[in-house]
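Pasting the structures in now, so scroll down.
Each of the two complexes below includes chain A, the first together with chain B, the second together with chain C.
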Partner chain A sequence: MNTILSVQQLGYTFPGHVIALSGINLSIQQGRCLALLGPNGSGKSTFLQHLNGSLQPNQGSVFLEQEAVSYSRQGLNRLRSKVGLVLQDADDQLFAASVFEDISFGPLNQGLAADAARQRVEQAMQAMGLVGLENRPPHMLSGGQKKRVAIAGALAMAPEVLLLDEPTAGLDHEGIAQLIAILHSLMQQGITIVFSTHDVDLACRLADDIALFAAGRVIGFGERSQILLDREMLLAAKLSPSLLLQMVALAQDKGLLAADATMPRTDHDIMALFSHQQPTACQTAG
Partner chain B sequence: MTLSIDQYAHLSRWRERPVLEKALLAIGMLLLAVSLPPLPSAPCIIACVLGVTLLGARVPLQLWLRYALIPAGFLLTAGLTMLFDVGRHGLSLSPAGLPVVCGLLLRSFAGICCLLLFALTTPVTDILASLRAIGLPREIAEISLIMYRLVFLLLDTASAMHTAQAARLGHSNRRQQLRALGLLLANLFPRAMDRASRMENGLAARGWNGEFNVLRRTQPLSPTRLTWTSLLLGSVLLIGSLFS
Partner chain C sequence: MSEQSFIAGGHRHGGHFAERLVHGLQQALEHSLDAEAISKQRGLLQGLDPRIKLLALLSLMISGILASQLVTLLLLFGLAVLLALLSQVSLRRLYRQAWLSVLLFSGVIAVPALFLVPGDIPFRLPLLHWGISLQGLRSAAFLLGRAETSASYALLLMLTTPWMHVLKAMRSLGVPVLLVALLGMTHRYIFVLLQTASQMFEARRSRMLAPPSGRLARQVVAASSGVLLSKAFLLSSEVHLAMVSRGYRGDIYLLHSFRTRRRDWCALLPALCVPLLILWKHA
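After this line comes the complex of A and B, so read on.
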């Protein structure tokens, strides 16, 4: 497998001696979806900002395709063309007078001609389900729409890696479902996705791999099931196994799920597993 | 949430019409209203512009009334006060007389109609972009654009904080109200700075190089529409100068 982005011995201290990250080693594989899972304040956002050069490490380095990132203007442009970042709060990202104009910002900065940029914008709007909102100013969009505009803005730059900070924060059920569908379709197109979250169920639903963050360190890295089913490790990161994860563990205990079978991703999957085996278990009175 | 006039402009059917076309019609009529004698040109202009606003740009009548009635009210009170003179002998009818005041009112109302046509179809940001095209320095245009965006964000934050304060009875008396307002303003500043620095990050992530280049979506100038506009302006000019 191809490593597209990696960090070695990465450390970052904010002014005022707040140690946000220390000694992080991580490789991001092309075409896979990586969740940075950890509680608030564990350094996920800070880490994401290193991956696209918004922050420059105090220690260690970031590598793009095995090459240490250069923080010159040129180096940063190269990094940011390949690695798109979607901030947690879409309002931090949208600035232009209308949706269409905002999405065109990135492609034009990449030096694309107007026609090519227009095409990119239209494609991104289509992919994010934003057609019809071209002329809306950002302050007249719903939270979910803002989020999708922010993603479209990154996507229009045709990145190979998309970084999303807490992508479901502030979205309602419908917004989250839409977002998940969108991320799935991006994964199918082969885009590498890295997202941060404190929600174990979201990591379970979307990720291939998980890096477990606690107090500025990565205390676990591996395939989804490897991390999520390790109760001790989750607790060490101040997270707790959700009902979904407990049911997966139960299913394994009861022999409903082979240890080497694909781990269920959603409530729906696990309910199906139980209801097939024990129809009475799911019946309710009346 | 009540939408501002600018937000309606964003949703207007005429939003994508070139600003120049809209300006030619609205500002052209405005200039005629100011320069021609009010009768019969002002009623003509009011009829034309209102027709274009309601039937052409399809601004809902109710919306138009909402924005027209406020300045119209001001005009009426101003007109009334002009009718009278307060002199040594008490209240007396002003020498200017009824016809002059009526002319003035008609003319001003025509002006309001013209400005509303423009304001309800052309967002501020479009106006800025056009001003840039005719020579406003890029820096000023871009700073105004960002300020325009930040003002809305800041208003959102301020109104959320205001609600939160009210929820904890921060406004239960005059004194507390003043204190709460002080706190709100004091908190708004660091938040605004924080927001600005995050925004800078967000922009940098998209390859910002100090210039805000975006693609604008406007229809090209239409000779047909320009001709219609000129005809309309021409006939008002003709009527106004022939029959006065």
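After this line comes the complex of A and C, so read on.
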């Protein structure tokens, strides 16, 4: 698998000597979904902004396809064409007077002709289920719709990597379910997803890999189950372990589930896993 | 529009300043929703190409400013009323959102003219015995007439055209893209800040046991304004970040596509003729 984005010894200090990130090394594989998991203030959002070139590191470097990112106009244009960013608060992101105009902002900045830009906007709206809302002003949208417009705005730039800062913040249950479905479909299209969250269950549900953030550092990085089953590490990051995965680990310890059983993502998965394994467990007990 | 409606509606709603302000903020949001709904109705002005509509209504506004006879002004005002009726805009709405506010604002300027402009004095105010001159009356009538007529056309444009179509029309008529983008963003974030302000006052109100004294209310407003200003600064940096992350490099581009039909030209031509006729009559 190819590394599409990576950082080496990345450090960033805010004005006033507030250290936001320190000594971060991370590689993001193409086509995978990476969760930046950590409590509030652990540096996840700042890290995301570095990946899109919105912030320039004080130390270390960001690499796009093994090449150090250049912060020249041309270099940033290349980076932002490949790496789209969706901010946490959709109100910050939707600055145009209408949905259509907002989504067209990125493609037009990429220098696309009007027809090509219009086509991109229409495709993004279709993918996000926003058809019919073209002329709607953003303040007349629901929270979930705003979030989808924000994602469409990034998608219309046809990025290879999509960065999402706390994508489920402020969304209700249905909004979250819709968003997860959309992100799954984007992953199937081969788009690399990187999202920040403090929600262990969301990371469990969506991510392939997890980078655990604490106090501006990455204290753990690996495959989903490897990180989420490490109770000590999660507690060190001031996060509570996923109940779902704890149950599976316990079931494996007790011999109720096979040791090589696939780690579930949702409660449906775990139900399916147990109902499938139950006869084996009963036989073992017998 | 929203500010006008605060003035028109602010004092009708009782209660304290903060309550009236929250009510006014909510009204502004409601007016905006109403305006969007009206712009989607079937009506004469709604059916026109926004560019043509913008030009035609601008031309009629200019006609009002150029008019040197009260009859012309009255006719133009009557035309605004007729257009409103044909576009399903109620006169009550025009009264509330344009006529009353303009009357209050322009009236303050117009009233002194009644007494200060020298000329024939047909009657005097009872008790005060201040003389009202015919010339003063004419000046005041012109000032109010022009302001009311212009405000009516401006409101008709805003009520019958979605805001983004107004912006696109401005852009396609050659208004600099930066100005259009600024107007668009201003409109967008007025609502974000209105919502924030409304929530701030609502949060404060929900924790108040009794209405604050006048002094305390003023302190609250001053402190809230400061908080709102700092929030606006924070928001502006976030917006800039969002723009930069989507490739903004100092230039703004917009897509626009309107189609002009025969009826649009049929509406534009007479509208453009009115100021020309007035100028010709002057000459």
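As a convention for this text, the second predicted complex is superposed on the first by the 272 of 286 C-alpha atoms of A that agree within 3 Å, B and C clash if a C-alpha of one lies under 4 Å from a C-alpha of the other, contacts with A are read in each partner's own complex, and residues count from 1 in each chain.
Everything below uses one rule, namely that a residue touches a chain if its C-beta (ideal position, glycine included) is under 8 Å from a C-beta of that chain, and two chains touch if they have at least 3 such contacts.
Since the structure is predicted, the reported quantities are computational estimates derived from the model, not experimental observations.
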item: Combined model on chain A where chain B meets chain C, clash or fit; value: clash
item: Chain B versus chain C as contact partner of A:Arg265, first or second or both or neither; value: neither
item: Partner chain in contact with A:Phe105 - chain B first, chain C second, else both or neither; value: both
item: Touching partner for A:Lys238 - first (chain B), second (chain C), both, neither; value: neither
item: Which superposed partner A:Arg78 touches (first chain B, second chain C, both, neither); value: neither
item: From 6-14, 114-122, 132-140 or 168-176, the chain C stretch with C-alpha clashes against chain B; value: 168-176
item: Set intersection of chain A contacts, chain C complex versus chain B complex; value: 49, 52, 54, 73, 77, 80-81, 84-85, 87, 89, 91-98, 100-101, 104-106, 108-110, 114, 117-118, 121, 135, 137-140, 153-154, 157
item: Complex contact set, residues of chain A against chain B; value: 49, 52, 54, 73, 76-77, 80-81, 84-85, 87, 89, 91-98, 100-102, 104-106, 108-110, 114, 117-118, 121, 134-140, 153-154, 157
item: Of chain B, residues touching chain A in the complex; value: 3, 7, 10-11, 15-16, 123, 125-126, 129, 145-146, 148-149, 152-153, 156, 195, 198-199, 201-209, 212-217
item: Chain C residues touching chain A - in the complex, by the definition given at the top; value: 29, 32-33, 36, 162-165, 167, 184-185, 187-189, 191-192, 195, 235, 238-239, 241-249, 251, 253-255
item: Interfacial residue positions of chain A with respect to chain C in the complex; value: 49, 52-54, 73, 77, 80-81, 84-85, 87, 89, 91-98, 100-101, 104-106, 108-110, 114, 117-118, 121, 135, 137-140, 153-154, 157
